[in-house]
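Next come two complexes built around subunit A: one with subunit B, the other with subunit C.
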Partner chain A sequence: MLQIASLVSGYDALAVLHDVSLHVKESEAVAIIGANGAGKTSLVRAIAGLNRAMRGAIAMHGADMTHLPAHARPAHGIASLLENRRLFGEFTIEENLRLAETAGRKLRPGRTKFEWNDVCDLFPIVRERGATRVELLSGGQQQMVAVARCLLLQPDLLILDEPSTGLAPKVVKDILEVLGALRDRGMAILLVEQNVGIAASLTERAYVMSLGRIVHEVAGEEWRNFGTDERLAKAYLGGGREP
Partner chain B sequence: MATRSIVILVIIAAIALAVPPFLPRSVVDLLVFSCIYSIAGLGVGLLLGQCGIANLGQSVFYALGAYATAYMTVTLGVGAAWGFLTGVILSGLIALVIGWPVLRLTGHFLALATLALGIVANALFYEWDWLTHGSLGFGGIPKLNIFGLVIDTPLRFYYLAGAVLALCLLASANLIGSRTGLMLRAMRDAPEAAKSLGVNAQWLRTRIFILSAIFGSIAGSLFAHYGSFVNVQSFGIEKAIAFLIIPVLGGATSLPGVVIGALFTTLVPEMLTRFGDLHQVLFGLTLMATVVLMPSGLMGGLASLSRYMTARGRA
Partner chain C sequence: MLLGLVSQSLLSGVTNGLIYALVGFGIAAIFRGAHIANVMQGEFSVVGAVVVDVLLVQIGMPYWAAAIIGCLSGAALGALIDVVFIRRLVAQKAPDDSYLLFTIGVSITISAAVLFLFGREGHLLPPIGSGQIFIVLDAVVQEHALWLIGISVILMFALRYFYRRTTLGMRMSAAAIDPDGAATIGIDVRAMRTLTFVLGGVLGAIAGILITPIIPVSYMVGLPLTLKGFSAAILGGLTNPLGAVAGGLVIGILEALVVMQMSSAYKDVVTFSGLILIMIFMPRGLLGRAGRAGG
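Now for the complex of A and B:
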């Protein structure tokens, strides 16, 4: 479904991703792991069209979108939850979601997977506090709204950039439950995560990034052990897994 | 809209309709200019308040409206409606052609680009005197005639300009309250998130730039009919700055704020003329004091005052 080949990308003329190749299949959950500064966020931004691709190719469902502007990418079935959630703080929960809902209908006609009520069922806060300004919510609640907003774009692939950052363990668990339910419904997920344990609990395989390159691909038994094996984590991430 | 807001709106509308016949002609004349400047300032206000774009090129579209009216009615001798229409179409097209590439820029680069547009256009208005009559100006622009009623007094023109302003305010309010308005504010506050929701920022900004230019052109056409004379000195950089000051002073995100800003910039300098040569210095100081003391503009200041009074009333 998502195919990235020899991608070089970065900020203005400065390349921070070098020769990155990866793929995500239909209904597959894949993680990108790596230490701080490995280039994970830059990779998300390149896929979302926020950073220019200098070389290489990005394709979704076989259609080349390497040089498509960011606003045209959701039409290809990509929804990105950017770092720090990027919600519109002054808007209410409903306003944030209505923007995505109309965009989803317009950009993905006839491909509705998540109706308003589905999202309300998955995230009860939408129904309970729809008229509340987003800036008044806790970090965990904002994260829920951010995921809900992505779903209303009717994506085939959900890209999440460190959704657990700064959240209490209980909140992270709640979010993981929702993401697990989405995965079980067949939603493809590309999860960028520094916390290996979280990534391993949700995904089937992972790419390890270091200094803007993919240095290893982990799957199966190795990946399942990755989250608990201090030695493996240290070998690939340098600092070991996070608590 | 809350009942309180509707009541305030009705009272203001009643005052705006009933009081001017009892005012001196010179004051009504200033009110006419307030209405005209409000229309042009509204365009700048939409760009500034909803998109975060400081536009220093509104005088270009104001001039286009005025010259289109002058050329169509005087040189070609056709009806006033053709002047308005030509100005609006020309302004819209030029805003599209210039806005599309220029609105890729952000922040002060964009403000400088719009300033450059104003400077270039002003130079062209001087150079193309076969079209604009240069500094000598275009005279003999006929008074407006609406269904046989000649709009030949300041009071009549005040009601006409006021009605046009009301329509422009209504259109702007609808825009702000629509999904497009929501997208504009989303784009202003978190551009990358807006893009990732499929918002085409450049096209959206260009559309608002076109609307702003159309408002500028309409104001320019009204100005030409009101004064019956236009010349290039009316469309300099000072005018562009004045159009930007209007929403900044009144409150860029507030539609009534634009009208208050326009009233301020037309009435206050006139009131200060009694201080002779000092009046410009005093106006500058008044502007500085207003901006420093009320960073959200006069409308924001009024809202704070209202909150303070309400809280004091409860205490």
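Now for the complex of A and C:
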């Protein structure tokens, strides 16, 4: 579904990603792991169209979108939850979501997977506090709204940049439950995560990044052990697992 | 006698204040939408008024048609400036001061073009309506002033509705609040910025058309209008376009009271001193972000 081949990307003329190749299949959950500065966020921004591709190719469902502007990419079935969520804090929950809902209907006609009520069922906060300004919510609540906003874009692939960062363990558990339910419904997920335990619990395989390159691909038993084996994680990430 | 003086001053203050508010709204909308301190906002007013003057006086077009084309000229000028110049500056990641210098340059260029094409003399448009005069609370009220107040107030409510209730208005606000977040939900941030300039151009032109039956418009009027508009926008909270309405009214009424109590020579001194005090003690403006996304 998502194919990235020999991608070079970065900020202005400075390349941060070097020769990155990866793929995500239909209904597959894949993780990108790596230490701080490995280039994970730059990769998400490149897929979302926010960082320019200098070389290489990005394709979704076989359609080349390497040089498509960011706003045109959700039409190809991509929804990106960026670092720091990037919600519109001055808008209410409902206003944030209605904007995405309108965009989803326009950009993905006839491909509706998540109706408004589905999203309300998955995230009760939408019904309970729909008229509350987003900037007044806790980090965990904002994360829920951000995931809900992504779903209303009717994506085939959900890209999440460190959704657990800065959140309490209980909130992380709630978010993981929702993401697990989405995965079970067949949603493809590309999860960028520093916390290997979290990544391994949700995904089937992972790419390990270091200094802007994919240095290893982990799957099966090895990947499952990654979440629990400090030694393995340390060998690949340098600093070991995040607490 | 005193009642007449006070009500006449207040009427004058509200009329001028609403003009400042329209110019200030355009400045705040562009600042919020494009993060550009737009020094050429007053020139949109000059262009709008001069276009209407040419169509109405020299070509003999009906007032309403000339006014619509005058507004469209403001819109076209706003779009042109964004598409031809601002986009290039953004693409080259120009620093903030480049935009300021750019808008100063465009402001001077437009002013010079108006001088070259239309001469030094001021242009006065006929008043809207039949030119009737009313006496309200001992104050002499021209019909045009009522039109000006009515149109401005309706426009403010319409803009408030536009920003808060329409999908396009909310998309424009969203693109201003977080461009990256907006792009990831399918909002064309570049197009939204162009629309912001179009809106700024239209508002500037409307202000110009409404003020020209009261004050002759010439090549020199743009900068003073911009300064008053900026004052209104800063007073109301530069990132809150509807705050500029409150700011404009405060400045207009303050000026009128100074003229009534002291002399018109001191009105700018008092107004700008008040502005400095507000900037010191209320750096986010009178309303700050209380009015939130465009209202």
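We take it that the second predicted complex is superposed on the first by the 243 of 243 C-alpha atoms of A that agree within 3 Å, B and C clash if a C-alpha of one lies under 4 Å from a C-alpha of the other, contacts with A are read in each partner's own complex, and residues count from 1 in each chain.
The definition used in the following text is that a residue touches a chain if its C-beta (ideal position, glycine included) is under 8 Å from a C-beta of that chain, and two chains touch if they have at least 3 such contacts.
Note that the structure is a prediction, hence the values are computed from the model and not measured.
Student: Let's test your reading of the overlay: on subunit A, do subunit B and subunit C clash or fit side by side?
Tutor: clash
Student: Looking at the overlay, does A:L107 come into contact with subunit B only (first), subunit C only (second), both, or neither?
Tutor: both
Student: Mind working out whether A:G49 is in touch with subunit B, subunit C, both or neither, as first, second, both or neither?
Tutor: Both subunit B and subunit C are touched by A:G49.
Student: Using the touch definition from the top, say if A:G34 reaches subunit B (first), subunit C (second), both or neither.
Tutor: After superposing on A, A:G34 lies clear of both subunit B and subunit C.
Student: After lining up the shared chain so the two structures overlap, which partner does A:L99 touch, if you call subunit B first and subunit C second: first, second, both or neither?
Tutor: Both partners, subunit B and subunit C.
Student: By the touch definition at the top of the document, which applies to A:G212: first (subunit B), second (subunit C), both, or neither?
Tutor: A:G212 sits against neither subunit B nor subunit C.
Student: Let me test your reading of the model: by the given contact rule, A:D12 touches which partner, first (subunit B), second (subunit C), both or neither?
Tutor: So A:D12 only meets subunit C here.
Student: Between subunit B and subunit C, whom does A:P74 touch in the aligned arrangement: first, second, both, or neither?
Tutor: both
Student: Considering only the touch criterion stated at the top, classify A:G89 as touching first (subunit B), second (subunit C), both, or neither.
Tutor: Touch partners of A:G89: subunit B and subunit C.
Student: Once the two structures are fitted together, what part of subunit A is touched by subunit B and by subunit C alike?
Tutor: 48-50, 69-75, 79-80, 82, 86-91, 95, 98-100, 102-103, 106-107, 149, 153.
Student: Taking the touch rule as given, give the residues of subunit A at its contact with subunit B in the complex, in rising order.
Tutor: Subunit A residues touching subunit B: 48-50, 69-75, 79-80, 82, 86-91, 95, 98-100, 102-103, 106-107, 149, 153.
Student: Using the touch rule from the top, collect the residues of subunit B that touch subunit A in their complex.
Tutor: Residue positions touching the partner: 179, 182-183, 185-186, 189-190, 192-201.
Student: Give every residue of subunit A touching subunit C within the complex, in rising order.
Tutor: Listed in rising order, the residues are 12, 48-50, 69-75, 79-80, 82, 85-91, 95, 98-100, 102-103, 106-107, 133, 149, 153.
Student: In the complex formed with subunit A, which residues of subunit C make contact?
Tutor: 93, 167, 170-171, 173-174, 177-178, 180-190, 289, 292-293
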